[in-house]
Amino acid sequence: MLQKPIKQIRLESDMTINQLIEEMRGAAFGAGRLAEAVDIYEAMLRDDGTKFFGFAGAMVPAGMRQIVVDLIKDQQIDVLVTTGANIVHDLIEAFGGRHYKGTEQVDDLELGRRQINRIFDVFIPERHFTVFEDRLLDIFADIDRECMGIRELLTEIGMRVKDPNSIISMATEKNVPIFCPAIADSAIGLQAWLYTQTKKLDVDTFKDMREFMDICYNAKKTGAMFVGGGVPKNFILQSMLVTPRAGFDYAIQLTIDRAETGGLSGATLDEAKSWGKVGEDAHTVTVYADATIALPIIIAAVKERLK
Amino acid sequence: MLQKPIKQIRLESDMTINQLIEEMRGAAFGAGRLAEAVDIYEAMLRDDGTKFFGFAGAMVPAGMRQIVVDLIKDQQIDVLVTTGANIVHDLIEAFGGRHYKGTEQVDDLELGRRQINRIFDVFIPERHFTVFEDRLLDIFADIDRECMGIRELLTEIGMRVKDPNSIISMATEKNVPIFCPAIADSAIGLQAWLYTQTKKLDVDTFKDMREFMDICYNAKKTGAMFVGGGVPKNFILQSMLVTPRAGFDYAIQLTIDRAETGGLSGATLDEAKSWGKVGEDAHTVTVYADATIALPIIIAAVKERLK
Amino acid sequence: MLQKPIKQIRLESDMTINQLIEEMRGAAFGAGRLAEAVDIYEAMLRDDGTKFFGFAGAMVPAGMRQIVVDLIKDQQIDVLVTTGANIVHDLIEAFGGRHYKGTEQVDDLELGRRQINRIFDVFIPERHFTVFEDRLLDIFADIDRECMGIRELLTEIGMRVKDPNSIISMATEKNVPIFCPAIADSAIGLQAWLYTQTKKLDVDTFKDMREFMDICYNAKKTGAMFVGGGVPKNFILQSMLVTPRAGFDYAIQLTIDRAETGGLSGATLDEAKSWGKVGEDAHTVTVYADATIALPIIIAAVKERLK
Amino acid sequence: MLQKPIKQIRLESDMTINQLIEEMRGAAFGAGRLAEAVDIYEAMLRDDGTKFFGFAGAMVPAGMRQIVVDLIKDQQIDVLVTTGANIVHDLIEAFGGRHYKGTEQVDDLELGRRQINRIFDVFIPERHFTVFEDRLLDIFADIDRECMGIRELLTEIGMRVKDPNSIISMATEKNVPIFCPAIADSAIGLQAWLYTQTKKLDVDTFKDMREFMDICYNAKKTGAMFVGGGVPKNFILQSMLVTPRAGFDYAIQLTIDRAETGGLSGATLDEAKSWGKVGEDAHTVTVYADATIALPIIIAAVKERLK
């Protein structure tokens, strides 16, 4: 129990991210966990397994879009599960819109009058949504297909987006499936409602399950990076309940949600072991941190190690 | 700015819940907000409006099921939006299963070996899931309907559940629609996958939007109680983006999620005003509390006032 | 492991606080913990032990003052450990000042210009501090005593305060010692600095330790209610490190601080067992809740049970 | 309001810490705030002001000791305010003891029986405390001085500690005063109690105030880095209430404490402006992060910029 003395972190000038992580490895609390996350993520990428990426929270508006694009490009994500919102904001940027750095200390009524929407300290003018809506309706009209799954709908959209810095575009190019079970809960859902008042958009709620389960069945090893919780986290984890697998082999969770109120977003990865969602001998760690801080650090450190 | 002196809370023996709330009204921090939530919820129920109820988190396993059943019975919920998990756990109890009080300080591997699943300090044996799965497959087989929305699927299920203490059963009886956009992200989704390997279950992803929007369009006033965040919160709020309404008139949010990491669950109701999801003159409050504490208190206090 | 089925909470009109707690006992998450806290606090009061009360956070400004006064009056607190701030704000009210219900959504620069100080959603005008400062200097001048401990200084102050609703006054009257190790970290410290520029105020930093330890040594049983963490929590707990006792017999903690970042305020009561601060067989619970909500409920429920 | 588009973070191999921070500057949420903290801390160090450092939480056990030692050595801390615990754990290492990396998932009763104390995931054997206690009693016996302030006591101790990697030793060497208002609330307080049963240790509670206030009065500009909250944060901030200064010119806070429950640790730096603790035009930012992650990053990035 007293094998590993804490090593006091020593900082030098011009340290690289991974050099800092190496210092953090000897420390405790969040620093120690961050270093552990880098180790596990590296091992997960080096292993011959299927890499799931759960991507929840307003990560695209916050500036995490390119990181995910590059991970897909570098074949470090095999399966992406995300929220409707992240896809919408990815498309907004693909269609020429922008997010803006604002502040949370602002009069929201004044913002509302100026038709600026706020996501904590990010501002986005409603006119960017208008462009998004028009373009999406055009794309819907261009899709001529029946009984799609949500994944297929997203692939159809991705094929019609020309932006090398777009998540949905890059995923489509690289054949990385995007799953988004709660897609109706987003501006895509709202536009689908408008569109289907006059035309048909035939998307089946459960069709994706087979494709997703097949991926799980066929995987040699499985690893998951959970950026936030929400539907992406649960959807990835629940797959293990019906596969013969013994749960995920690697799991990293970046969240500040708490366990004590019982929601799945804050649930520990140990709790997931009682269900068999995470394996008995799995390599797991939760970093209790804002994902916009932890994710870039982990990815940059592993990039340095793998180069 | 100095109109209302803080009144120091004075406790008596045998106080009723509402008497305590009246004392809390003069206090600050969480106590003051809890009292404000009671006032707003009372006003929302007394007003002639449509009452939305967002119900996220493992609330049924935790013991909040009967409260929702009674709210539906008493016509205090017009529209229920929830997660697949809450429906699954409602059905588990309807099918004779139980949840058990456990502890979070436990060896999850040991639990896993005993086939007991953990949700923080709630235990549930896997055999209750087995019963649920069998019964759900029977129900699926009994449904003979094409191109349902998710709401319709839930109504079909609700019609086949005979349990006066079941949320889905009571909602069906009282014609309260249940919306569950992320239904695939639950054991219902997993069973639908099994079922659709041999049979057809035709559920459209976007069909519910029209029914949901029609409710929003036709409402005189609108109020929402958000138990937790997640998909239910966003799905309810986003409806206002495409209706001519000026946003919700009443909104109460019970959560401990934080705003600073930018997720929608922790977003303030002020932020929602910048989008027009919540009205300029709306009555709103967020109570930063475990919903299993705050919800029973608010409902009991308002029950006392309305009797 | 599956002995206690969750009992779904059932609410009635006109329930008393304790009736609600009885319903919560069968529930999980925060509701279950709140009920457990009531049980433990009742047992602690019924037992023949010494009752410590750690009182941190801006609880007096928030409206918790009278609750503590009544607990002292009812002999349910034997030892009070608190922060300088709570004593200062108790004195401000004793000297005729008031705290006011404000809002956290305010321009703090505007407040500053109006000489109104903010504590989250509580406002207090600087002129109340001016009265406090003058009165305190008079009291200092009236104390003619050498080599006091901090506890003795507070007793001297308490003897000069005439307010039946004051914590310091009631504690002095009932011979309940108040310990405040960080007293210099408050407006009392600031006034002591002013006063000692010309006069003598001889207060020893460590003198209280003996009196505090004697109380711990002589106690039959020991119980502690921790409202928040901070210095009061640690000061109470650390006493067990040098007494022959086997740690506290009862401990209840009301906090929303987290364990993961390693601070003592958020540390679990289990961690305290590794140190011997809390006994092996102690009755303990942490309620993760805003203390302004949890404290009144627990006290009111126990009042009902003990009447 | 729409001047600064979010720049999507782009990661490269072998990035230095500051290069990552430059990428984060264009992002939002925690990443944006972290970059802002680096900018403000750099400006604060470059300015000709007095630099306060509030150091709360179990930061020495977690591995942050050397960082503070180096900051003192590099003259980047002029005034250190900390908790008794951080001094105790600094001394434990100075006296040859160690902290060990453990885990929070452990049987605390088992740890207790093995005489290992736990601080979240840090273990420390009680025998290191025994050494600390003996050495401290020797030091107390060696100090022959009357009517010390707490700062003077710490200087006396620092003079007797020979460890180039010790905070207290380096601070003494570099004439950086250490203030610790709540010193009795620590193992130093416990040892002082033992010692004063037979001998005299004359430490005045309020004597430090003059020295501390003189520093504040004489400062040209003032800046503060707050690692955690607690007594160090409040003690530093409250100084501005009685100085003619218009509040701190720079303030950076690293914490995950919340504002909504009204404690000072979680209070925003805006709230501090209403009191005049922080200046109207001050450069301020709060990074909502585990300090063991945020502190090394900020210090390393600024080191890179200043070299």
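Labels A, B, C and D are assigned to the chains in the order they are written; within every chain, residues are numbered from 1.
Criterion: a contact is a pair of C-beta atoms (placed from the backbone, for glycine too) under 8 Å apart; a residue touches a chain by one contact, two chains touch by 3 or more.
The structure presented is a predicted model; accordingly, all values stated were derived computationally and were not measured.
Think of each touching pair as a link: the shortest run of links from chain A to chain D has 1 of them. Interface of chain B with chain C: the two copies contact each other largely through the same residue positions, with over half of all numbers used appearing on both sides. In this assembly, the C-alpha centroid of chain B lies 43 Å from the C-alpha centroid of chain D.
Distance from the chain B centre to the chain C centre is 35 Å, each centre being the mean of its Cα atoms. The distance from the centre of chain C to the centre of chain D, with each centre set as the mean of the Cα atoms, comes to 25 Å. In chain C, the positions touching at least two other chains are 28-30, 58, 61-62, 111, 116, 119-122, 256, 258, 260-262, 270, 288, 290-292. Across the interface of their complex, chain D is touched by residues 28-30, 258, 260-262, 288 of chain B. Put simply, chain C touches chain B in their complex at residues 1-17, 20, 23-24, 26-32, 34, 58, 61-67, 70, 93, 98-102, 105, 111, 114, 116, 119-123, 125, 165, 256, 270, 288-294, 296-297, 299-300, 303-304, 307. Of all residues in chain B, those touching chain A in their complex are 56-58, 61-62, 85, 104, 108-109, 111-112, 116-122, 150, 181-187, 189-190, 192-194, 196-197, 201-210, 213, 228, 230-231, 234-235, 238, 241-242, 256-265, 267, 270-276, 280, 290-292.
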